[in-house]
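For reference, chains read A, B and C in written order, and residue numbers begin at 1 within each chain.
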């Protein structure tokens, strides 16, 4: 049980800034997921929490105590690595017992602790095997077991499931959620897979370019992103972005023009800054509908580029006359080989972003 | 200031580096200094400038040794590698147990200490009663003094050398062959290439780095040839090099000057001349490789 | 239709015949080369295990004829010469060298392969450059240094100067580089000290490379002729190589079968090693060569 604060942490390798002024507070028992594209600094941040990477600027506090200068082994954190990092010359038992052996714990205690961890992870029958004789999923469980045995205050996971195949990954995700429920320990998990992040996280931390873009609950970020990056990163397929001009601003609504070249859209909005002339619309695929060409101004004409028919749902990838790509989700209709179509945006699902990528919120 | 966290690293490398500095770097430097002094076990040393170098270069033994070395390398290296390559092809054409079996058998001579190989071969080469001359006798041929006839001495040496080193090179070339992805051969076979064409257009080009290594290594060790000719000739500091110095090589000459005549200054100078030769040859080989590799 | 079948029928045996000619040729060549490769060794054994007085070279046989005669010759050598003592010296020399090369080499390789520390790059470059320097240059100054240390005719004079093996270091570094960084970090998080990581992770994980290096070092030390010759010239410190050299000296007045018995005794340890570890030896050489 431990809470963690990351305060004003920055890191650079020579001239390359990896993390810039990161602040984050993690409550005790929380399952936090750092997510972002590769090179966003998420792994570096995790490694700084572990102590494997030095944190020269800023503070990392564990249970209120600054741990920047504390040796990684003494911080009370345990880490599960992407490659599992099991010692190939030791059995599963010896792997899990290694930290206790190093600490010169009595044999009986080691046996008891490893046994308990093995029971949680259903590894009892595999304890005599070496990593070479274990499957990917089993290795991953031994690696988690090695972490459990240390009874850490914080578990750290560095992309632990990326080496597993899809099916196993889904299964291990469920086991991790179960494990978190059983142990109730603070867990920090790094992944580049937003689906994994959405399914696991209590708190999701989206990072890009060494900066925390936004953090919050997964659905909170999905529905209410702070900026274009977060909006585009979360959700699959990606959110659509369309440029538009601001034609008229009223007290509780605005009119946008030049969508996809020629269309208009009325949008309820309070206190829009009249100085903004250009915006970008963000619309998720489920908020775009195939429509009939009624000649109304809010209908967009689009050319079908290709279609993904997945059975339960069809994604129609279309190009607007401006060259912008618009993906439309259609759960009922089957695609019938047409090359032209008309779509209508659902104003309730439209988010606005400024030209700098920041979200413009209705007050 | 030295960061505290680096201390364990430096402690761990210290024993090796200390030994290395004392027994490798220091001797090189001191050898360089010795090479400018007239220095032997009895007299006090006296600075002589480049005299040692001049004396070595202008000596008749030096020219003879260099000439021998040249002829030796020109034959040994290409023939040795060709033999090793053929052996590798031969072994590669077997499968499973027999591949391992022949690989091990062909490698056997490498395992034998050099001093033994040379001894055995000396008996094989013995005039009249030696193995080779016995066989010649069976065919009614006259006995040959393989190691005492200036027209055969060099070739006798080369035969021993190839016998000793072919297995070593073969193993390295074999490892290189194993690293050639199968699909190159499969593609070639689909294109209708013959076995010979496969070797010419796939095996040899793909083995280029390995063959380069084997050649460079072969040249460098051939430049330092010592054990075999030393043991095939007199094998003492008072007697080496064989009849008319036909098997005198630079390292032997250097050792003789040092430990036979106790002219350590000259021997040190000799060592540096030799190093210069070796380093230049290696540099030329690497330069050629770079040039050859440019598309 | 029928012609097609006929074509196929006639093609098949031809192909098989072709193959068998190749196979016969291949086997013939392989066996001939094998004979050339092992014959001197077999011959040596034959000479030793034959009745004295019958020059084997005149009447070559495929198999040794007299076990007792061979044992008698070996007995003569062991009892009437310093051969046993030389064996003791050679084995001690080899074992100490192996221990030192493995210990110091693995310690340094551990650091060079897995960590960053000030001065690492220049130090590494210098050690690697030394692989290019011919032994000929260092031989005489190293001898003089050893002499100045008063180590002539001592075990440390034989062993210590050969411990900093740049080749061994290079080989171990190549191997330890394949140890994933995460493995080291996991051990660090598990509370292992720097030395414990070396001892419990890096060393066991490099077992194969260490065994290979040990064998290669043994072969090389056992066969080392020139260094013992100059640094330990006293009969008290004769290695097997030097003793064999005495037997082989042109005017030693020893008969060929006794000489060969001496040689056989010297060849035995490396040959036994080779038979036991031939796969490791061959792979070790292939590894260091194809990566070079």
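The criterion applied here is as follows: a contact is a pair of C-beta atoms (placed from the backbone, for glycine too) under 8 Å apart; a residue touches a chain by one contact, two chains touch by 3 or more.
Computed from a predicted structure; not experimentally measured.
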Reaching chain B from chain A through chains that touch each other, fewest steps: 2
Given the contact rule stated at the top, which pair of chains has the most C-beta pairs in contact? B-C
Roughly how far is chain A from chain B, going centre to centre by Cα mean, in whole Å? 60
Whole-Å gap separating chain B and chain C, where each centre is the average of the chain's CA atoms: 16
Taking each chain's centre as the mean position of its Cα atoms, how many Å separate chain A from chain C? 56
Junction residues of chain C, two or more chains touched: none
For chain B, which residues count as touching chain C in their complex? 2-3, 6, 8-10, 12-13, 15-17, 19-20, 22-28, 30-31, 34, 87, 90-91, 93-94, 100, 102-109, 111-117, 119-124, 126, 129-131, 134, 163, 167-168, 171-172, 174-176, 179, 210, 213-214, 217, 220, 223-224, 226-227, 231, 234-236, 250-251, 254-255, 258-259, 264, 267-268, 271-272, 274-275, 278-279, 282
Per the touch rule above, chain C residues touching chain A in the complex are 180, 182-183, 185-193, 196, 200-201, 204-205, 207
Complex interface listing, chain A residues touching chain C: 50-52, 72-74, 77-79, 81-83, 85, 87-89, 98-99, 102-103, 146, 150
Per the contact definition, I'd like the list of chain C residues that touch chain B in the complex. 26, 29-30, 33-34, 36-38, 40-41, 43-44, 55, 57-58, 60, 103-105, 107-108, 110-112, 115, 117-118, 123, 126-127, 130, 132-145, 160-164, 166, 169, 194-195, 198, 219, 222-223, 225-226, 230, 241, 244-245, 248-250, 256, 259-260, 263, 266-267, 270-271, 273-274, 278-279, 281-283, 285-287, 289-290, 292
